[in-house]
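Two complexes come next, and they have one chain in common, subunit A, joined by subunit B in the first and subunit C in the second.
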Partner chain A sequence: MSQPLAVKTENLGRIYKIRNNRKEKQRELLALENVNLEIREGELFGLLGPNGAGKTTLIKILTTLLSPTSGQAWVAGFDVTKQPAEVRKRINMVSGGETSGYGLLTVRENLWMFAQFYGIPSPEANRRIQKLAEIVGIADRLNTKSSDLSTGLRQKMNIIRGFLTDPEVLFLDEPTLGLDVGASRDVRSFIRRWMDENPHRTLLLTTHYMVEAEELCDRVAIINQGRVLACDTPARLKQNLRHEIFFQVWVIAPRLLDDYSFLQIPGVKHFHQFPEEDSLRLEITLEEEAVLSEVINEFAAQSARILRLEKREPTLEDVFVQLVGQRMEEVENVTVSAN
Partner chain B sequence: MQKSINLRSFLTASWLGWQIESNWTDPFLFATYSIIKPVAGAAILVLMYSIVTQGNFDSPVFAYLYLGNAFYQYVPAVLTGVSWTIIDDREHYRTLKYIYTAPVNIPFYLFGRAVAKFIVGTFGVVITIAAGVLFLNVPLDWSRVDWPLFLVALFLGVLMLALGGLILAGITLMTARHSYYIGDVVAGGLFLFTGAIFPLEVLPGWLRPVGYILPITYWLELIRRSLVGAVAEAFPTFTALSNGDLLLILAGSSLVFGIASIFIFRYCDHQARERGLIDQTTNY
Partner chain C sequence: MSLFPPIEKKRSGWQLFLMTVVGRSYPRVVGMQRERSWMFFDVFLPLLSVAAYVFVYRAIGAPEDYVGFVVVGGAMTAFWMNVLWSMSSQLYWEKEQGNLALYIISPAPMMAILLGMAVGGLFATLLRAIAIIAVGSLIFNVTYAVSSFWQLIAVFSLSMIALYGLGMMSASIFLLLSREAWHLANLAMEPVYLVSGMYFPVKNLGFWAAAAASVIPLTLGLDAMRQLVFASGPTLGFLRVETEIGILIILSIVFVTAARYLLAYIERLAVREGRLTENRR
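Let's look at the complex of A and B:
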C-alpha cells in the first residue's frame, strides 16, 4: 500500500502582477508554472534552487498565505484555498534570515504565546520550550527579551517556534540562512533527529545550499524560474551524471583563463572558474577521462600552473548545472543584475 | 477543556496586546502618560469653552461637550487598536505571516489586540470624568445614573467601534505603511460629525445627515442620557427619540455595520492573499 500524501500540487502556478509606480503599465512576473509535486508522509523533501526560483512562493501557497493563480494544492489532505483553516491546524512554518518576533517579550513568552494559538496547554508548552531550547542551545537565554538577541539567536528562537507545535507538515524556508557554520550544523542535525523521532512527520525544506539538501533530504526537487526541472533522491539525481567525470583543479595564472578555449576542446562539457585568494579554482566536467590531457595542454598554453588536481564525485550542484546550463550562483547573479 | 479557536485567539492576543501596550516604558512613566494624556486633551477643550462662555461651567452645554469628549476617547483607541495591529505585526514585528499560518481567527485576534488600548482608553475616560466631577462641577450624580442603560450602550458602542476597526484593518491589509494611523485619522475626521462636543444642529443642514447615519452619534447620546439624563435631554438632537428608540437604532446600525465589516474584511483578506500582501514589508 502506498504511503499517504502530505503535500500534493497539481499544475500549480502563480503569476504576480507588478508595477513600480502608478504611471507604469502593469507587467506579469511568472513565479511558478505547472508545478506537480507529491510529497509522502514521513518524507524530508527538499526544494533546491537559486534565489528567485519560486521556492518561497510555493511555500507561501502551501501555507495558505498566498493564492495560486492556477492549479490546486493539498496539504495533509486539505485544499489550501478551500480549507485553509484545516490546513493551518496541521502545519507550521519558519523562514530563515528574519528577525521576526515580539521584541518586548522574552524568548519564553514569545514561544509560549505561539503555543497558545495552537491550543497547547501551558505546562506542556513550557516543557517543550525548555527541551527545544536545550537542543538548539538557547536555554540560558529563555528569559532574555528577544530584542536583545543576536540575529542568529533570534533565528534559533524562530526555529523552536516552528517545531514547538509538533506539526504534521513543517515548512522550513531557508532555515540556516544567515546562521554561522556551527549553528547551521546544529540546526541540520536537529532537523534530522526530529524527523527520525516520528515517521508521520513531514518536512518541506527550501534551500539554495547544495550541501544542506544533500545531507538532509530524502528527495529533492530542483526548481528554477518557477519550474520543477527534476525530482528524485539525491543519489538517483546524481546517478544520471555517472557517465561524466568531474575535476576540481587549482591553478596559478597571470589572469582569468579564457573559458571559450576550454569549451572548444571536444569532450569538455562544463568549465567554471572561481578566483580564490592566491589561485584560481576550476570546476571542469568531461565526457571521458582521456580529454584531461588536452585540458592540461590548454593550461600550459594559457601560462597557468597547476597546483592541485582532484577527481571528485558528482554533487547536486553538478545536477543543477546539467539541468540549467549554469551554476546556481551564476543564475543568482543574473537575477540580481536583472533586478 | 479545550478552548475554541476564537476564544484562544482573543485571549492570547489580549495578553500580547497588554504586554506591548504596558511594557514600552517603565510602569511609573506608563501610569503618568496614561493620566496626563487624557487630562491634557480635556484641558484644551475646557480652556476654549471657558474663553468662549466666560467661564459658564453651569450650563448644560458644558456637561454635554465634556462627557462627549471624554467618551470619544474610546473611538480612536478602539479603531486604532484593531487596525494598527496589522501594521504593527506585519512591518514592525514581522510576525503577521506566522499569525496567519497558525490556527487563529484573525478578527478575534485583532479584537484581542485592541483590548489593551480599550483598557488604557478606559483609564483615560475615568480620569477625565473624575477631573470633571471634582474640579469643574460636571453634574454627574452617581445615584441617578442609569447603569443598565449605560452598560448596554457602552458594550454596544465598543463592539460597533471594534467592527469599524475591522474595516480599517482590512483596508490596512491591502495598503502599505501609509495607513499607519488610519484609526486616528478616521476618528479625527468623525469628531465633528458625531455630536461629540456640540449638538448636530450646530452643523449646516447639508452636513447633518453624516451625523445621523453614524452609529457613534447615537452611542454618545445614549451614554450622556444614561449618565446625566435630564441635562442631556435639554438639547434638540434626538429629543423625539426615547432611550429605547436610540438603543434600538444603535443595536440595528451596529448589526448592519457588523455584517458589512465582516464582509469587507473578508474581501480585503481574500484580496491580500490574491496579491501576496500578507507578509509585505515596505521598509521605509
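Let's look at the complex of A and C:
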C-alpha cells in the first residue's frame, strides 16, 4: 500500500508583480512555474537550487503565507488556500538567519511564548524546552536574553522553536545558513534523529548546500528559475551520470586557463576553474577516461603545472551542472548581477 | 525512551485564544520592565512638558485645577504614544523582524495576537501613567475631588478599549502601508495632542472642532475623567459624563469590530500580494 501524501502540488505557479518605485511601470516576475510534487508522509524531502530559484516562494505557499497565482497545493491533506486554518494546526517552519522573538526575553521565555500560540500547556512546554535545549546543547543558555546570543546559538533556538510544537509537516528553509561547520553538523544530526524517531513526521528542507541535501534527504527535487528540473533519490539522480568521469585538479598557472581550448577537446563535457589561494582548482567532466591524456597535454600547452589530480564520485552539484549547464554558484552570480 | 515524545493534548478554541493573549502580552508585561531606563524616558521626560504647561498656567493665573488637568493629560499621553508606536506600527515591525510570518502560520487567531499586544501595552503603560500622576501630583501639589469612582473606572476602561481598538484597527492599515507607516505615525502624533485636549479643556476648541476630535477616544475619555476628578471639572467639561460614556461605548464597539474585519481583510490581501514576510527575504 502506498504511503499517504504529506505535501502535494499540482501545476503550482506564482507570479510577482513588482515595481521599484511609483514612476516605474509594474513588471511581472515568474517565481514558480508548473510545479508538481508529491511528498510522502515520513519523507525527508529536499528542495535544492540556487538563491532565487523559487524555493522560498514554494515554502511560503505551502505554509499559507502566500497564495499561488495558478495551480493548487495540499499539506497534510488540506488545501493551503481554502483550508489554511487546518494546515496551520499541523505545520511549523524555521528559516535560516531568522531574527524572530524578542531580544528582551530570555531563550526560555521566547520559546514558551511561541508554544502558547500552539496551545501547548505551560508545564509541558517547559519540559519540552528543557529537553530540546539539552539535545541541541543550549541548556546552559536558556536564561540568556536572546539579544545576547551568537548567530549559531540563535539558530539553535529557532530550531527548537520549530520542533517544540511537534508538527506533522516541518518546513526548514535554509536552516544552516550562516552557521559554522560544527553548528551545521549539530543541526543536521538533530534533524535526522527527529525524523528517525517517528515514521509519520515529514520534513521539507530547502538548501543550496549540496552536501546537506545529499547527507539528509530521502529524495531531492532540483529547482531552478521556478521550475523543478528533476526529482528522485540522490543516488538515482547521480546514477544518470554513471557514464561520466569526474576529475578535480589543482594546478599552478601564470594566469587563468583558456576554458575554450579545453572544451574543444573531444570528450570534455564540462570545465570549470576556481582560483584558490596559491593555485587553481579545476572541475572537469569527461565522457571517457582516455580523454585525460589530451587534457594533461593542454595543461602543458598553457604552462600549467599539476599539483594534484583526483578522480571523484559524482555529486548532486554535478547533477545540477548536467541539468542547468552551469554550476550553482555561477547561476547565483548571474542572478546577483542581474539584480 | 523517546527523545521527542508527542504532545498529549494541544489546546484549541477559546483556550488557545486565551493562551495566545497571555503569550503575546508577556514580552510587554515582563520584558518591557527589564530595562530600567523606562523610568527616565517614559516618566521623567513626559513630566518636563507637563511642567512647562503648569508654569504657563500659573504665570497667567489660570484656575489651579488646570494644573491637575495637565498632569492627568500628561499621563494619558503615555497611552497615546503606546498606541501609536507600539500598537499601530507594531505589525509592520513584527513583519520586519520575522515574527509576523510565524504568527500567521501558527494556529493562533491573529485577533488574539493583537489583543495580547494591546493588553501587554496597556499594562506596561498603566505603570508609567500611574508613575506620572503620582510624581506629577506630588511635585505640583494637585488636589483631586473624585465625584464617582465607578464612573471613573467605567470611563477609563471604555477609553482604553476604544483607544486600543483604534490601535488594533490601524495596525492592519499600517501593515499594508509598510515603511510609510512610520511617517504616518509621526504625522498623527502632535495633532492629536492638540485636538484631544491633552493639556487644556477640549471645550475651548469650540463645539464642532471638539465634536470632530471626539472620534479619538482620548478626547472624550480625558474630558470625562477631568469632570469626575476635579471640583471645577463639570463646568469646564465638553458634554455630560453620561453622554460621553455612551459615545465611548459606541466607539469601543465600532473600533474593535472594525479591527476584526479589517485584520481578516488585510491578511487575505497580504497573502495574495506576498506582503507578510520581511523585505529582505
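Rule of thumb we're sticking to: the second predicted complex is superposed on the first by the 339 of 339 C-alpha atoms of A that agree within 3 Å, B and C clash if a C-alpha of one lies under 4 Å from a C-alpha of the other, contacts with A are read in each partner's own complex, and residues count from 1 in each chain.
Keep this in mind: a contact is a pair of C-beta atoms (placed from the backbone, for glycine too) under 8 Å apart; a residue touches a chain by one contact, two chains touch by 3 or more.
These numbers come from a predicted model, not from an experiment.
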| item | value |
| --- | --- |
| Combined model on subunit A: subunit C and subunit B, fit or clash | clash |
| A:89 touches, of subunit B and subunit C: first, second, both or neither? | both |
| Partner chain in contact with A:104 - subunit B first, subunit C second, else both or neither | both |
| Partner chain in contact with A:131 - subunit B first, subunit C second, else both or neither | second |
| Partner chain(s) touched by A:274 [first = subunit B, second = subunit C, both, neither] | neither |
| Partner chain(s) touched by A:114 [first = subunit B, second = subunit C, both, neither] | both |
| Dominant contact partner of subunit A by residue count, subunit C or subunit B | C |
| Touched partner set for A:166, first subunit B, second subunit C, both or neither | second |
| Intersection of subunit A interface sets (partners subunit B, subunit C) | 16-17, 60, 63-67, 85, 88-89, 91-93, 95, 98-102, 104-105, 109, 113-114, 116-119, 161 |
| Complex interface listing, subunit A residues touching subunit C | 16-17, 56, 60, 63-67, 85, 88-89, 91-93, 95, 98-102, 104-105, 109, 112-121, 124, 128, 131-132, 135, 161, 163, 165-166, 193-194, 197-198 |
| Interfacial residue positions of subunit A with respect to subunit B in the complex | 16-17, 60, 63-67, 85, 88-89, 91-93, 95, 98-105, 109, 113-114, 116-119, 161 |
| Residue ranges of subunit B in contact with subunit A within the complex | 2-3, 5, 8-9, 11-12, 15-16, 19-20, 23-24, 93-95, 97-104, 270, 273-276, 278-279 |
| List of subunit C residues in touch with subunit A within their complex | 2-4, 6-12, 15-16, 19-20, 22-24, 26-27, 30-32, 34-35, 97-99, 101-108, 113, 271-274, 276-277, 281 |
